[in-house]
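Heads up, there are several structures right after this.
Consider the two complexes below, in which chain A is the common component and chain B and chain C are the respective partners.
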Partner chain A sequence: MDLKRRDFLKVVGLGAAGSMLPGCGGETAKLIPYVLPDEEIVPGVANWYASVCRECEAGCGIIVRVMEGRARKIEGNPDHPLNRGKLCALGQASLQGLYNPDRIRGPLQRDGERGEGRFKPIPWEEAMSRWVSALQKHPGGAVLISRPVPGTLAGLFSTFMKEISGTVFFYEPSAERPLRAANRKSFGIDFLPDYDLANTTYLLSFGAPFLSHWLSPVHFGAAYGRMRQGRPEVRGRFVQVEPRLSLTAASADRWVPIRPGTEGLLAVAIGRLILEEGRTNLPRGDRSRFEKFYASFSIDRIANETGVAEEEIVRLAREFYTAASPLAIGGGIASEQTNGTDTLVAINALNLLVGNINRPGGIRFFRPSDFPASSAEVVGEQALLDLKGPSKKASRSVLMLYQANPLYTLPPSTQFRQVFEEADLVVSFSPFLDESTAMADLILPDHFFLESWGDHVTEGIAPAAGLAQPVVIPRYDTRPVGDLFLGAANRFGGGVKERLSWTDYRTMVREQWRDFFDRRQPGQPFEAAWVEALQKGGWWKPEGKPVSISQRGAPSAAEPARFEGSEKEFPFYFYPFPSMGLHYGQGANRPWLQELPDPMTTVVWGSWVEINPKTAQEYGLAERDLVRVISPYGEIEAPVVYFPGNPPDLISVPIGQGHRAYGRYAEGRGVNPLALLAPLIDAPSGALATGATRVRIERTGRKGRPVLVDQTGQGTRRHTEGGEGEA
Partner chain B sequence: MRKWVGVLLALLVIGVAIIWGALYAQSTADFMGHDRQPIAFSHQRHAGELQIDCLFCHRGARISPVASVPSVYLCMTCHRSLKEQTPETEKLLAYWNDKEPIPWVRLQRLPDFVQFTHEMHLDAGFQCADCHGEVERMSQTPRAATFEMGWCIDCHERNGASLDCFTCHY
Partner chain C sequence: MVEYRDQNAPPGGPYQWGMVIDLDRCTGCEACVVACKAENNIRIAGEDEAAQGRAVYWIRIERYWEGEYPNAQLKFMPVLCQHCGNAPCEPVCPVYASYHTPDGLNAQVYNRCVGVRYCGNNCPYTVRYFNWFEPHWDEPLNEQLNPDVTVRSVGVMEKCTFCVQRIRGAQQTAQKEGRRVKDGEVTPACVQSCPTEALVFGDRNDPESRVSKLAESDRGFGLLEELGTKPAITYLKRIK
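Then we have the complex of A and B:
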């Protein structure tokens, strides 16, 4: 026995010593010289390249630090008017997209049943001909669902699909469709405005999550900083109206909780008071239409429906109309309802009433730069759902996906999966194997954006077009999606080949910029301007001239939102919110973003259910208990985190986790709250009403293991124990 | 029997400590008596007999934090026109013909938390030999100094250079 023990120890000792040897010794670094020196590269000295961030739809300017041909660090481009040198966490983490171990490394074809997720490599040539011949076999039947790519790529996609009589949908769950629809109704303008937060003195926000993920978060974050601290004479005041205490609400001077879906009514009450107290700047001609609409609402009824006290409503109205430059904005939970567009129209009306359009501190409309072929309308979920069914377009046809993941972002209740099942061929150009790409028959992977040419036309804010250049040599056997479409056009021949005759996408981008510069400054040598644009990261004007609005639309309806699920059976409102780091799930395969603590709860690497501590205790739920959240359409299980910022009748869960595919960091982690949603739509905008499903909760009796960075949980617990848990 | 186990454990602990220590020293500053390079390159021959300036090959030193090793192409600018080859220069030609870089073994290495730049030290008027020794007299290239913090600080003190932590650790 003793002998054996000694032997054992010896072996362990040797093992321990041995395991350390290669650990350090093996790395005895090698100095690998270049075989041929590269003129532009000095080892140890960084090259910085300007490009455009494509991690969300904003398109901030970036500069990338490249050493010995490797991208090492990304910073904001100090010249770019959108972000002025700043960058958000997603932008920082995009390096982990470039170096992600789960990138698709070459063309693949399905091996096994569709959706099984098994693939085998296929040569590029064969992949291309399979794709193109499928397109040729289905004249007029092809559908491309792409993320919005405002710029040359949008032009290429649109032209290609038009020429082959197919359809292209630019789709993105956070596209703020209701805002566009509302602006069309209120102002007669089709593009997104700039909200001049920096010069606002009183900001009244109805749920707009502009400090976490709304429209252009870096831009608004910086503007917000200037509003609060950038002016010596005034610190802008900021009131956030929303049911749940979001990160943005937590930064406000005052948070006004409100019943979900009644934000528009509150705006109507405020509007009525502004008119009543004679504080409107509205031209006389327009006034009667507004008066007529407001006449049928009474403040006390609205107070009743919204849950906001009458004195509070009066106070909000007075603060708003007495401010030097007031601004009302709406978004997030306020617009993600079945009455989202109407709500935003009612909020827009407040701006019309005080007349802050195209004034400093108000709403300004800058026409996007006249960059060629940049405008392509972004669609809402309804447009995609219309693809369903045997008589509809996508069936027995070719379905193509470019960096859109509808099988994750659309709730199963919409049965969008049908579109995949009915398609003859599903082709994806995604660099990652996300849920939708896993359903593909053919994967023709695009480069990562840091390896590609491209451009991005900024909407709203200021006239700007960012120019993206490859900052590193492509790591894998991938091809730029632009080249693929140009190549396909070439194989097609005929009209589409004629319209898209560029040899490669880089040339196409360059030619678009040549046209653009030629039109702006005829006769100027292009080469110098092109090089300057590459160095600077694009083209922009410091400040555009705002365009005047063509109409002043009064609100036309202020119905409370509809909710799916009876109040008796499903007593809770349910709000899935885009998580700060993972957004609508795109960030889930980047470890840096997974370990970014949620700003309100400090949770990392997982899902959680936010419940008001009082409610939780009523249900006998301790923090970290696994709770089942059930809607009429599905159920999820996740650990409870006490969240005093929720009203007692609202349950919230972050979006972003719960991937069934998308690589090792994302897969099988947490739950996807979108799975619970009813297929309710805000009709005027066609956007999914994310906040319109009711739920109930059930104890599971089991414990979960959420990781809270703030392990002491002091903040939350103090509230609970002191009995201040009620929101 | 129990005594034996005790002794054995003690020996084990000491052994592990020694190996650990040696490895620790090695990982912060590489320690190798002599280099075992893929090609027996001689600084004595190149820098001494042929009087090639250090910076001719280590081109990065003037303009970069790292001194850098010459590209194979740079070696070949001379070696391509040599008539007589030795077994060692044949190896060089083989790398060149295969378009392969030479995997030189790295002798000097500072840990990641130290920021050192050659450029600044040359700008301040130092010679390569001040730190690296008289390589022109060495056929194989050992380390001339420890390159540990005490050694840096000594020199910084003697020359009145900054002693702030953030000078090198940032």
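Then we have the complex of A and C:
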């Protein structure tokens, strides 16, 4: 099949009801505008189209305001059960991805040495041939590293790679892996749960950054608002246990600092107290396993190791078990350690002890919708590192990248670069020239998500599948990655062509939805359901039925976390955390996010090193002094910002800057703290332990220039005097 | 046919726009900050201008550190123009560019502004921003600009307008239908995005509106209200 014929989505005209796009073989695809209730429409000639946000892995429903064929504003989709009309900073800023001046505008091939970053245009036809013939020359040796794409695209990638005997990895640099591993151990369930924050009365969080970037921040933000002020008589209490005062901890009623990596121990102590004081309603049969495990721990020893006073531990336990509906969650720094999974299992145990599974205000499990998404599992860093292991899966093979940037998100100490160096051909489908794409031999750029068809199955929250349609005409000579893979399947012929016989990706998406609707509501006309789904932005049920759990796993280990670097030579714990606006770096090419003040420090456009003010003074460091942070694996230089929320022996640096590629707004700005990390892994989940490297600091004697936009906050403390109250 | 009515005199008397900001809900996520930038074509300053204190945010999240480790605390407070009933920025403007609308907005007439910046000097909340440079967007970022909102040129003062374009839009619709704007019908961009619903906007002249009811809360206070500025924004105290 000739790809040119399917070179669809070109401008011909814009109808009042939406853009008319010429489809393949003359078929037209009419875009369906989102229907807002009349009173919410802002006058002017605007159409709103429903779609799915792809800026983080949550997949919030969005509606996009389109005028004269240009996307002008993105809002949350009020109907989508995940975010109910709300949207975070990243989602708002996705327009700057669409209109980013540094997008890749057409297929490119390497010009010069690999990694030099020089490219020249290549016709699509030739690019496709090179890619497909390379795949054919490496039977069984192809590797695709993709961001998680829960929906039709996951199915397409998995089928394609399976049929050509290659391997696909859905990889994301986050701590979701330990959470899944722990839930499997505790509850025997594979998919992510929903934490019913909105209805809880006492939230005990061990480091979970649910107000900044964890799982589904907008969903949790909304639930948090309701937990605090959404109920007439109850204001939910919230305690955050973590070493560093994070953005999330700033909203807590009480912040309980703890020694890094000992969060699981604290959970064990609390669990022990719940049992001891007879406050569990665990079925008798399960109880003995828990008792047996807790028996060997003593509270005062745990107080000693965690640095949390014994009275505080007792207080936490009592608050937890006396609450009407308590909820314990764990993530972020607590799970980004070598013992991350075990820590989360110990935290899960608290929920099992008080019996809040599938109860309002507790942990609820909803089976993801039965939409035919691939069940492909998201992998941790270990799976990627195995590519350069003894089996050498990737050496002399075809390495493909889909919106994954391992050369930025994996520390150099893992030597992942080898995988790129050893590959025969590196192909990237990214719309941006990020660090990994800069190492490619061939770039076949995908449309930006606002120009594409697609879908996204929501996990955890009540069953939902979002549906995305292109809201604007593709700007450049890019092609939907789905079309590329279908086109490649066609060129391959044989089994892969048979399994993937769709003419184009839009048709494939449509067919998946047809199957889905046929199974759900047999006999009903598909066309009406499809149009409705496009209009609404997907399909969802108001409230799913929770799935009962098959297992009540007691914790089995509470080993202390391991740290790399001797305490003597490297006196500081080191914690790199995803920045509020830039997350794991993907936001760095959006000027709005670069200029978004970090909520804790007000820094914009750069990196900084957070140090406890007293420690800084001991080292003779003033704010803005340039400091060298050194680990056994590398060093970075960045200016000091006093951070009263850091313990004296912990240094934190935001992730997100320090790009060597990725366009004019990101390049050569700040530092990437991942560069310091040791290649330590949480074994049960295979996730990188980002909190496990120790560092020391050195003065450089020079001044840095962190840009703090805090011109007004300092010295106007009188503002707050009215702002605090007792209740 | 509905009889024509002046937009400031809807059935039942004029509107009085106001906002409530619940500090017990705000988490400092800054979704509002980007939403406001997007809606109102606020220019991107870039690193150098930002370093000179010339970045523009019509709404910003102020933060206050208190105490020391391990008792350190950080509090967030969204600050935007308070649309003061008794606005210190207004009487000092020699050309009446800063003036009060009958429905309670502190408006800024950009094409009247001559850039003397007295208003900025006089605003106790420091929410007025002077355009020191001509706004600039790298092509094609300009394609996102909202055609309902003007791009302010160099030399004028700009600030939060309570998304007046949305207010006027809703008023026109209501007027055509011969009714008052319903509660919740106008939502400024910041209010619309805020995940926790910390921000609530509406008509203070309607005793039944959400904003009126929330403003009655005994947690309510006005920012620097001892100055007598009569802000149209009521903050609700954070509970500890």
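By definition in this document, the second predicted complex is superposed on the first by the 662 of 727 C-alpha atoms of A that agree within 3 Å, B and C clash if a C-alpha of one lies under 4 Å from a C-alpha of the other, contacts with A are read in each partner's own complex, and residues count from 1 in each chain.
Just so it is clear, a residue touches a chain if its C-beta (ideal position, glycine included) is under 8 Å from a C-beta of that chain, and two chains touch if they have at least 3 such contacts.
All values derive from a computational prediction rather than experimental measurement.
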item: Contacts of A:595 with chain B and chain C, given as first, second, both or neither; value: second
item: Touched partner set for A:99, first chain B, second chain C, both or neither; value: second
item: Greater chain A contact set [chain C / chain B]; value: C
item: Partner chain(s) touched by A:32 [first = chain B, second = chain C, both, neither]; value: first
item: Chain B versus chain C as contact partner of A:444, first or second or both or neither; value: neither
item: Intersection of the chain A residues that touch chain B with those that touch chain C; value: 42-44
item: In the complex, chain C residues that touch chain A; value: 22-25, 27-31, 33-35, 37-39, 44-47, 50-51, 53, 55, 57, 60-70, 72-77, 79, 126, 138-148, 165-166, 169-170, 172-173, 182, 185, 187, 189, 192-198, 219, 221-225, 235, 237-240
item: Residues of chain B defined as touching chain A within the complex; value: 1, 4-5, 8-9, 12, 15-16, 19-20, 23, 26-27, 30, 32, 60, 63-66, 68-74, 95-96, 99-106, 109
item: Residue numbers on chain A that touch chain C, as the complex places them; value: 38-44, 67-68, 70-76, 83, 85-89, 91-93, 95-96, 98-101, 211-212, 217-218, 221-222, 224-225, 228-229, 235, 245, 247-248, 250-251, 253, 255, 257, 475, 580-581, 591-597, 599-600, 602, 604-606, 612-614, 644-648, 664, 669, 705, 707, 709-713, 716-720, 722-727
item: Contact set on chain A toward chain B in their complex; value: 2, 5-6, 9-10, 13, 16-17, 20-21, 23-25, 28-37, 42-45
